[in-house]
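The next part holds the structures, each set out as structure tokens.
One chain, chain A, links the two complexes that follow: it is found with chain B in the first and with chain C in the second.
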Partner chain A sequence: MGLTERFTGGADTTKRKTVAGFRKETIEGIVWSLPYLAVFAVFLVWPALRGLYMSLHTYPNKFDLSQTEWVGLQNYVELFNDPVFYNAMEGTFLFVAISVPLLVILGLVMALGVNKNVAGKRTLRAIYFSPYVLTVAVVTLVWVQMYSTSFGLINYYLGFIMENPPGWLTSTNLVMPALAFMTVWWLVGFNFVIFLAARQSIPDWLYEAAQLDGAHGWRAFKDITLPQMRNSVVFVVMVQFILQFQVFAQPYVMTQGGPKDSSDTLVYYLYRSAFSQQEFGYGAAMGYVLVAILIVIAIINFKVIGDSND
Partner chain B sequence: MGRKSATRETRRKFIKSVGAAGTVALAGCGGNGGGDGGSDGGSTGNAGSDSYEITFWEPFSGGEGPIMENIVQQFNENQPLDTDAEVTINRQRTPWDNYYNKLFTALSGDEAPDMTVMHAAYLRAWSGGIDPMGDYIDTDTYSEDYTASHWDLVTVDGSVNALPMDMHPIGVYYNKDLFEQAGLDPESPPTNWDEFQQAGNAVAENTDAHAFTQSPYNDGFGSFRTWSTWVKQQGGTLFDDEWNPMFDNEAGQNISQLFYDMTGDMGWSQQTSEADWGNNAFQNGNCAMAMNGTWYVAALDSVDGLSWDFFKPTVGPNKQQDKVWADGHTLVLPQKQSRSDAKSEIAAQVAHWMTTANPAWATEAGHLPAATSIYESDEFQNSAYYDKTLSKYVEMAEDETYFYHPKVPDGDPNAQNWYNWLVDIWAHDSEPQEGIESGIQTVGDGISG
Partner chain C sequence: MTDAPIRSRLDSDTVRNALLHVFLYGLAFLMAVPYLYTISRSFQPNELLRDPRPYWIPPLVGEPVTLEHYQYLVNNTLVVEWTINTFVIAGGATILIVVIDSMIAFSLTRLDWPGQGAILGLILASFMVPYYMNIVPLYQIVSDLGLINSYWGVILPAAASPLGVFLLYQFFKDIPEEYEEAARLDGFSTFQVYTRIILPLAKPILSALALFMFVYNWNAFLWPLLVLSEQTAYTLPIGLVNLYQGNIDTPGLHMAVAILGSLPLFIVYLLFQGQLVRAVQMQGATG
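On to the complex of A and B.
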């Protein structure tokens, strides 16, 4: 037995190198990840744990958060008996039900449209994406003016074809669709870019092969485009569910939850509870309920559209 | 929090014994190497030297913003305090939208400013987060510098929690051109319900304009100002002694029904919950009368071609008494562990100077001044808005017409969502009774937490 073999106990040198390489890679990976993990721990894990702690406590002196009182699940029990919470949840679900499908379908349609050899497609790309660069404050303020019944652009033009254009932000039935539509206009550019990149990464030979087999149009879309873009679709749907469930600025700036609380949302109610009413424990409990809802939706999402790579 | 409670009484007695001048001198000494340490928290004040930087939050914009900016600038340039210490105000404007939420967050993180503007309505709910003025100044002596009603405004359960800047009650602003178009005498505005009703009907019938807006901003809080004014005029009660909302009384129902009718059968206004609807309509000459506060004058003066005037809002239906809603801006010292006592005393002196030595806040911003010296001054009585609005506001003050916005014990007394039910009634999104019940629930929950 040679010296090397004596040290390695006779193990295969190649295997030893592989193990050493694996260890090195692992250590390097951890080192490279550390900065992010530190940020992740400080800005996500710690606040999440702190939020859980807060949701199980009340604050006898609202100006001194170091004084706490253990209340167990009382905040959650109160929450599930709170009609305002259910109204806000209903509003949030309605907003998500309108905005997410539109954001996904429109983004996909726009991406597939621009992917074709249409004239001015570069300009179209810029136009489609441009609203996304605006901040929510700008978007909401602009759309408050657009929707105005007194001087809004939308009702000005509608006035040519109908006698009494609707009050978009003042009708209990129309306010949530109006907020959702505005959100789609603002955010669809992000989905468009993701879908366009995904579509352009699909190799042409797949379509050529499909054509030889007689698959065109809808068939090619269903059997090639959609499966090849599955990961992008899953990503976009997930991101949009998470973002739209957290809708806040639109009702906060544009309607303050009205009229008649018809545009109230979970995060807007959470904000009012925690900061305006200074009930941090109650607000934290609401945050955790929102997280639970998003986890359930994520699971359903993966089961329905993300579970297979066939 | 509560750090000085043990020494508070001793300090108070000492301050009373040395008087105001002594307080300033003490503060100056404290800054000059005395006091309690070199930490001044979030500010850059130097307790170890004879200079202090007082961080000051204020929310004023529009016509009020430049006036406050100028007051601060004057202070920093002229150093008006009777002390050797160099004192500068670091003014930080914080927009109204999130003002109290930001202040609350700052307070709970011990990062509050040294001095801040606060509506008097908050002085009870926030009493746990502010240092009483009596800890740093002799309130018995200083009370003589302010009108009795203003001093009353800042006193909560016997504790002087702030120094008063102003009082800003409401009144009715009207468009003289529209009055003329409607066949009314623009120089003889309504003085009672019959005349008010007649004027509103005349505008509705004889012009294309709307007759009245309950709040130019068409918001919950603004609507409450008008609604509570007329409820109180009918002798109605807003809260019982335990701070339970009592809106569901006859007066509350009557005025809620009146709101509903104004945009309904009476045809006075548009059934809408659109924000700022009334402001746009009034400033564009499409609405004859708007109920709003003292602050409205600066905005109206900036509108070209708008011929407006003002009358007292004591024109509610079935009036039993003259009552008008009022609140006031005050200056408070938020609690801050890291602020030295010496610096707090300086900040209290700054607050005193700001509230007593600046007539511009009344003469230019149009508020009722808190300081007796300004109130009685020729400068105030000869100011641009005096004849139009301020003289009438003064008359109402002297007649003890004002009642204060409820200083609730908890929650956010200016929260829009507490009173959005009034906008729902105005816009016919709710029936009056349904709206009142919703209001009682919302406000009751807001106060009880």
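On to the complex of A and C.
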């Protein structure tokens, strides 16, 4: 096979014009892809590679980043001996452990409820989904006021039923649950609409057939609804894990990681290392470790919920 | 006699259904409470803000209502400029994304060229790269390109997102070849096939994607926070947080700023709710 034919796939030669040995369609294909590929290469692929380089260097001069010093794995070693890192990891895991199950289960319950014979489905959907279109800046602004101990709405009403309502954002035990709770309010609508679409695409005859076999209620849910919705459940769990794992704005705006670092998170620490303390190599190394953790979580997720029903 | 058990079953169904309504609407009310609180606070005069009691909406007779917080924000802050900035950035990113994503999705599905499988694989693999992992090197690159404090410094990284490519790829590949073959026989060029056949057929998915990207980029937080360091260049989310930090004791201003910051998108939401929901559901269906 000649060179031209190898590029053109042989048989096509007669059909299409060639320019300098390339099929016209090949050139067109590349030209049409190029605008996206250029942006993709410069702003996604290149930083991922450059991050690896940065994580193996330090920057002795904080204002001149062309000066680099090779340090090998030192940034990573330091990171694994850094108590602040472990504390931030703990905070992140706590936040994820509270927010993700709530986001998934509540979203599922809402979707199954709205799917039933309910009046005003459109209104319910509009309200449930609406917080999702808010920017996190607005969400945090509003909830700082909701949680405020001196004039917040929550403690005002709690004051009727208990003596001393807690300081939601000032207690080391309550701050992460409080941040997770408002995050559920903010994002549950995303899961809700996905689950609703998945539920609506299950054909009715499956349930009718099951009913003839005497299966309804819990059994129908377990044997039909859940398996039929499995793909969307897997998708939502994965997306929420990845998203909530990268929680940043809530602690950044509302608590600055406090009180006593109890609401510090990994991305917030990454942000501080790289952009407050100008430790660019350290920040880049942390970025890589974050990805490694996420990949491990993704594998565990697939093992646990991906295969369980086969 | 025989209909007694039937009636009792009907009754229990009715009770169940009523309970379901109570639950769903109760939940909807709870989810709306932060909105009601925000609106009510933003109209409360300063001297009443220390009082935790919220107003009813609309305020009961005799409760004073003020626009002072809104006036203050419009006159003394850059909130109008920030809105314009956000609009330019979110709009620019959306247009760019729809154009370049549809072009490459077209190329990957309707044109046949060597290496397209590998390119597609690479784009799909990049889904695994969490956005925040890249911020440190990305910041260096954007800074090297001299894009700090410029619209492009926010728009271009946003346009690298593979999400749109993936969604459009899924849709384009299911468009039957016959349409295209007929057009080619009529002498359509590749450009004409793209603009006259593929784009019109893909209109629903393109508008859903555009809306989602607009909302997403309007709301973006961390990246604009890093790139836009000058007050005049802020987007709304960054401006809002900057106004707020340091003075927690001015709830009226916070709430007014929250309203101003979310109003544009809420209008978009009310107008195009269906498309936005569809854009989210498409992600669920293809993911």
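Throughout what follows, the second predicted complex is superposed on the first by the 267 of 310 C-alpha atoms of A that agree within 3 Å, B and C clash if a C-alpha of one lies under 4 Å from a C-alpha of the other, contacts with A are read in each partner's own complex, and residues count from 1 in each chain.
Keep this in mind: contacts are C-beta pairs under 8 Å (C-beta built on N, C-alpha and C of every residue); 3 or more make two chains touch, one makes a residue touch a chain.
Given the structure is predicted, the values throughout are model-derived calculations rather than measurements.
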Touching partner for A:97 - first (chain B), second (chain C), both, neither: neither
Touched partner set for A:105, first chain B, second chain C, both or neither: neither
First (chain B), second (chain C), both or neither touched by A:169: first
Which superposed partner A:258 touches (first chain B, second chain C, both, neither): first
Dominant toucher of chain A (residue count), chain B or chain C: C
Touching partner for A:144 - first (chain B), second (chain C), both, neither: both
Which of chain B and chain C A:276 touches, first, second, both or neither: first
Chain B versus chain C as contact partner of A:65, first or second or both or neither: both
Which superposed partner A:50 touches (first chain B, second chain C, both, neither): second
Partner chain(s) touched by A:304 [first = chain B, second = chain C, both, neither]: neither
Chain B/chain C common contact set on chain A: 65, 144, 148, 150-151, 275
Of all residues in chain A, those that touch chain B in their complex: 61-65, 84, 144, 148-151, 167, 169-170, 172, 256-261, 272, 275-279
Of chain B, residues touching chain A in the complex: 1-2, 100-101, 104-105, 107-109, 126, 128-129, 219-220, 272-275, 277, 280-281, 335, 411-412, 415-417, 420, 423-424, 427, 429-430, 445-446, 449
Residue ranges of chain A in contact with chain C within the complex: 7, 23, 25-26, 28-30, 32-33, 35-37, 39-40, 42-48, 50-51, 53-54, 65, 110, 113-114, 116-120, 123-138, 140-146, 148, 150-153, 155-156, 185, 190, 193-198, 231-232, 235-236, 238-239, 242, 245-246, 248-249, 253, 267, 270-271, 274-275, 280, 283-284, 287-288, 290-291, 294-295, 298
Contact set on chain C toward chain A in their complex: 17, 20-21, 23-25, 27-28, 31-34, 37-38, 41, 49-54, 99-101, 103-104, 106-108, 111-114, 116, 119, 122-123, 126, 128-142, 156-157, 159-160, 162, 165, 190, 194, 215, 218-222, 226, 236-238, 240-241, 244-245, 248, 251, 254-255, 257-258, 261-262, 265-266, 268-269, 273, 276-277, 280-281, 283-285, 287
